[in-house]
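One chain, chain A, links the two complexes that follow: it is found with chain B in the first and with chain C in the second.
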Partner chain A sequence: MMEKHLSISPKEARLVMAHMYVAFISLLVGGLMGLLQTFVRSGSFDLPFGIGYYQILTAHGVILALVLTTFFIIGFQFALMSKTVGISDKQRLSAWIGFWTMLIGTLLTAGTILTGKANVLYTFYAPLKAFPTFYIGLALVVVGSWIACFTNFRQLAVWKKTHKGEKSPLLAFMVVINMLLWYIATLGVAATVLIQFIPWSLGMVDTINVLVSRTLFWYFGHPLVYFWLLPAYMAWYAIIPKIIGGKIFSDALARLSFVLFLMFSIPVGFHHQLTEPGIDPLWKFIQVVLTFMVIIPSLLTAFSMFATFEMAGRSKGYTSLFGWIKALPWKDVRFFAPVVGMLAFIPAGTGGIINASHQMNQVIHNTIWVTGHFHLTVGTTVILTFFGISYWLIPSLTGRKLTKKINTLGIIQTIVWSVGMFIMSGSMHIAGLLGAPRRSAYSTYTGAEQVDTWIGYQLAQAIGGTILFIGIVLMVYIFFYMVLGAPKGKASFPIAEVSEEAEPTPQYLENWKLWIGITIALILFAYTIPFIDIIQHSPPGSEGFENLIR
Partner chain B sequence: MKPERDNISRETMVNPKKDNTLKGTLISVLLLGAFILISWFIVFAIFISR
Partner chain C sequence: MRIHKYEKIWLIFGVGSLILFLIILAIGAFYKGVHPPSHMDTIDPKNVQENESFKEENLGLRQVGENEYIVNVLSSGFYYDLGKDEDGEAVNTIRIPVGAKVLFQTTSTDVVHGFHIAGTNVNMMVEPGHISTLETVMQKPGTYTLLCNEYCGSGHHYMAATVEVYEP
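Right after this comes the complex of A and B.
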């Protein structure tokens, strides 16, 4: 059955656009910080005006990985919900409250970083200690995002009441899965920030349990990656097929993969702590196994994408083995940018499998390989898909057209981004295998021989970073042109239909109680015993270190 | 009822459904799997050699 789609009112468009403004301004500011870092690490540049390397590193991580992503995702998801299930006045008001809460939190945290009082990087590992407003700001961002979560849950619940017995629209189902994942995951980071970091930074307690804080952070930190990725998957599954003139390969497969992400992306945080003392190796191994389960929905997605493309091409008469590739609209930036993102996910996902491979993690642990890895995942796959979404979302919200000129500029932007990232991330991967550390500023390590093998790659990172920054400037220009300069008109909001040949979607895929129940059971299984063990066998807590690095 | 059902099946046989083979997809996912395995074993070799 065909889904009915609603139109987005100007009030709804304003809500989504508010999120987009924050996202694209963050892209410019955070990107500039990244550029400066690559210069410093090349060994031929010193930061002016007493700005510290770890200050801009923290700003880069927080502004891009937390602020840009969260605002873009929540804005995009509100657009999808408005289009598929609608939004009431009350729900829109709560969405605005969520937005302002997140924005106040962001300004508080960013301000603390920029004044040099929070050189703790975006993972804010204890015992590095920031000024309390850093943590309070982060807590506000999380609380604001929870308001968005419950608004989305309410939107679908209201729709279900008036559409009894109908399956929920695919995109609304996906949004709710992603927000459930986010809500369950952020409980961990909220716990560590509220119970540990804020009292500690305010001086109410003297010490902090470092391992507990890191474990709670990574309980959140891995599903965070999927919170970034799932909106990209929403576009791949349900929007790209429309852009290429095809259909969704299978509604049931798309829903199944999202359900699997919900279940398996959370109880896996230990794979970020594989070299950490104090965690029982058996539980590390169990979480590695669970991590490998999360590969399944990604492979389902890869299969589904190829199948969607091949079916679309063959239906247009391209019948040879790979002839369907020619049928794809390579000159349409709404397709080109996300598909380059998809291709980047092949090495990105492979790198992730290597990272999570238990003892093999030692080869790359804390090396710049890991930085290269997440610049491919979130910095290419996710962000190029978000750019691809922007090319139709922004004009459709602002009542303008995607012009030929912007389409061409967008294709150039995608190429610039890909070239820059290939050079930067590629050299990060190689330098990492040679032992170059991540996070740290430029150092000759007292002239150690091994350092000579890295320096060429560090220069390459600066070159790649510069090209990427050109890509950022181009994208920010494109964004503001689409908001202010593009000719008035009507841009489509593409949502694909499911192929007639797809099997019907089984009812049980929408059994929320079952999926949430399994998710909670898996989390309790993977964390209860090791977490009790960590608390019972803790070493004494640590005092805080302020401005230890700058 | 019986003759009508026969008509349908004959029509289906005479006009087979549109080309819905997924051979290209099969080869693509096999290549993807091969890429993952080869990359993994390269890093595994580094791990073993160190």
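Right after this comes the complex of A and C.
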């Protein structure tokens, strides 16, 4: 019997694993698309069978940034909720409905991309026009994720009813914050897709308001990255301390930093639109200032992480200034992979500060520097933490053990990933500073010498991309081995306890009405005036351009 | 909620640097007037010729002062319209003397485009219905590539022109 080894009930495990299958298959498919892109951009490879560069670029973005992340996160969060507050039969049913809605949406969108009628990239900027099923599929993914949101909200609410006066489990609190953030943010993208794109692509209306659609998209597009990051933070705050034999530095600070992320990740979309006409620069600046507020919870997190590490090391008897570093389990991949991800967040965050800096943005806007940036954030920090989670989550759901061999292979995978990303992202950053554009197939442009200086870096990107693809193949192998091949046994579901020395958690941190109220107030402050401005000063709308993507 | 002493120091240092950083950005923006391109004028994307700057005869490089130039450009899939030369051929290279003040004005006749003179801070989005402008002084002589850096369709990577900055 394998069931006795499971960390949560078999029915719950099946639900989480369904999400994980989609996530890891997406990793393989989306990663292959990425590899092909770096080959094309090296200038020495042409895509076969009439496949277009922008077709695989669209697939790469949609499959990795939207499908892989959303499925992994929602699956992981269901595991955390099941473990901490439980799931009822009804809730599990609604979770499955959410899963299937998202999966049908994914297949619809992916199918449209395959036919070549949706070469609009994953940001689908109007007035480039894709076939309607592209947008309908995306809308279904969002609706499915909302079902997951409300299932999670309900799970905590039910737990609260039976645990009157108790503070909610930390991980359940974090999941609910992340889903609140996701729900509030996706209202923007849902509005533009449902009200603007779908009627327009179906021919029900002739024109689309481009700036309104972009503003609604970026209202969603920035919190999206925090929706990716917060599950990694959940693991850092509440799981890694257990893995290293330590305790959570402070429950209150962990909750506070999540609350701050909820407030400050949404009213900031203009920093993606800094070089756009039609938006008052004063409001751009105000949103830039709000953008930088997320540095505060990031500082809190950095402090908490190192405090946790040091306390764990010192409790094992390492007393010298930096001796505690030796006490950390560097040979345990469940620790090693996320910590490498954490370290990558130092250059990644620094790059992010440059990107959002009002004037400095002009230096790198839409250059391949930006691509390099988010391959460090989501492509390294977040994904290595997700891999780190998988090493214990998958075996604990399949009733198998994380073997020594897989642990070693995981460490090799992490190193391969880091080396590949260092080369690829590093050369993207440098080429971007030299002016090389992002989202462009191989081109020598007008043949200027300047363009030659980029080609070498594009070659380096192909080398880095190849190494990364080896990393992906390794990871997908590890995943399927943990599902099908590893010896049966019990893998733990590590959830850390709070340190005895930590301050008690104040009640107000769970005042949901207060935090949601402040979040909405900040959004209204940051968007009301400029958005009314954009609508009042709208130019004539744009007709669709399907011809340009063929 | 009490915060650990070391954490207080860390936060004061971190938040302090953040405030300093934002003050520097604000001085740049409001005292020196350096904002990212945010031109507010609109235009009918199907009838750009209605606007004086984008009439066919006004496209491309024009000298408007002793050392001042205006460059009017129509951005469309997949080329920059810089006007025509004496022989009626499409211009694909503009030459600007080093140190000259240049005002770039562009709009799109179709989808969203980018307008980046690679390696310089002349970098802005071009959107149908809006006019993007940017004034600058080209400081370094050389041959630059003006290219589209926002995906605009299957020929996106062919959308380019040459900007030569020469020593007069």
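Assume the second predicted complex is superposed on the first by the 540 of 550 C-alpha atoms of A that agree within 3 Å, B and C clash if a C-alpha of one lies under 4 Å from a C-alpha of the other, contacts with A are read in each partner's own complex, and residues count from 1 in each chain.
By our rule, contacts are C-beta pairs under 8 Å (C-beta built on N, C-alpha and C of every residue); 3 or more make two chains touch, one makes a residue touch a chain.
Note that the structure is predicted; figures quoted are calculated from it, not measured.
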{"item": "Partner chain(s) touched by A:S357 [first = chain B, second = chain C, both, neither]", "value": "both"}
{"item": "Touched partner set for A:K401, first chain B, second chain C, both or neither", "value": "neither"}
{"item": "Which of chain B and chain C A:K316 touches, first, second, both or neither", "value": "neither"}
{"item": "Residue contacts on chain A - larger count, chain B or chain C", "value": "C"}
{"item": "Contacts of A:K160 with chain B and chain C, given as first, second, both or neither", "value": "neither"}
{"item": "First, second, both or neither for A:W324, with chain B first and chain C second", "value": "first"}
{"item": "Which of chain B and chain C A:F303 touches, first, second, both or neither", "value": "both"}
{"item": "Partner chain in contact with A:R550 - chain B first, chain C second, else both or neither", "value": "second"}
{"item": "Contact residues common to both interfaces of chain A (with chain B and with chain C)", "value": "299, 303, 307, 353, 357, 359, 362-363"}
{"item": "Chain C-touching residues of chain A, taken from the complex the two chains share", "value": "52, 54, 119, 121, 125-128, 210-211, 214, 250, 252-253, 256, 273-281, 284-285, 288-289, 292, 295-296, 299-300, 303, 307, 353, 357-359, 361-363, 365-367, 434-443, 445-446, 448-451, 503, 505-506, 537-543, 545, 548-550"}
{"item": "Complex contact set, residues of chain A against chain B", "value": "299, 302-303, 306-307, 310-311, 314-315, 319, 321-322, 324-325, 346-347, 349-351, 353-354, 357, 359-360, 362-364, 433, 501"}
{"item": "Residues of chain C that touch chain A when the two form their complex", "value": "1-4, 6-7, 10-11, 14-15, 18, 21-22, 25-26, 28-30, 34-46, 77-78, 92-93, 110-112, 114, 116, 118-121, 123-133, 142-145, 147-158, 160-162"}
{"item": "Chain A contact footprint on chain B (complex, rising order)", "value": "17-25, 27-29, 32, 35-36, 39-40, 43-44, 46-47, 50"}
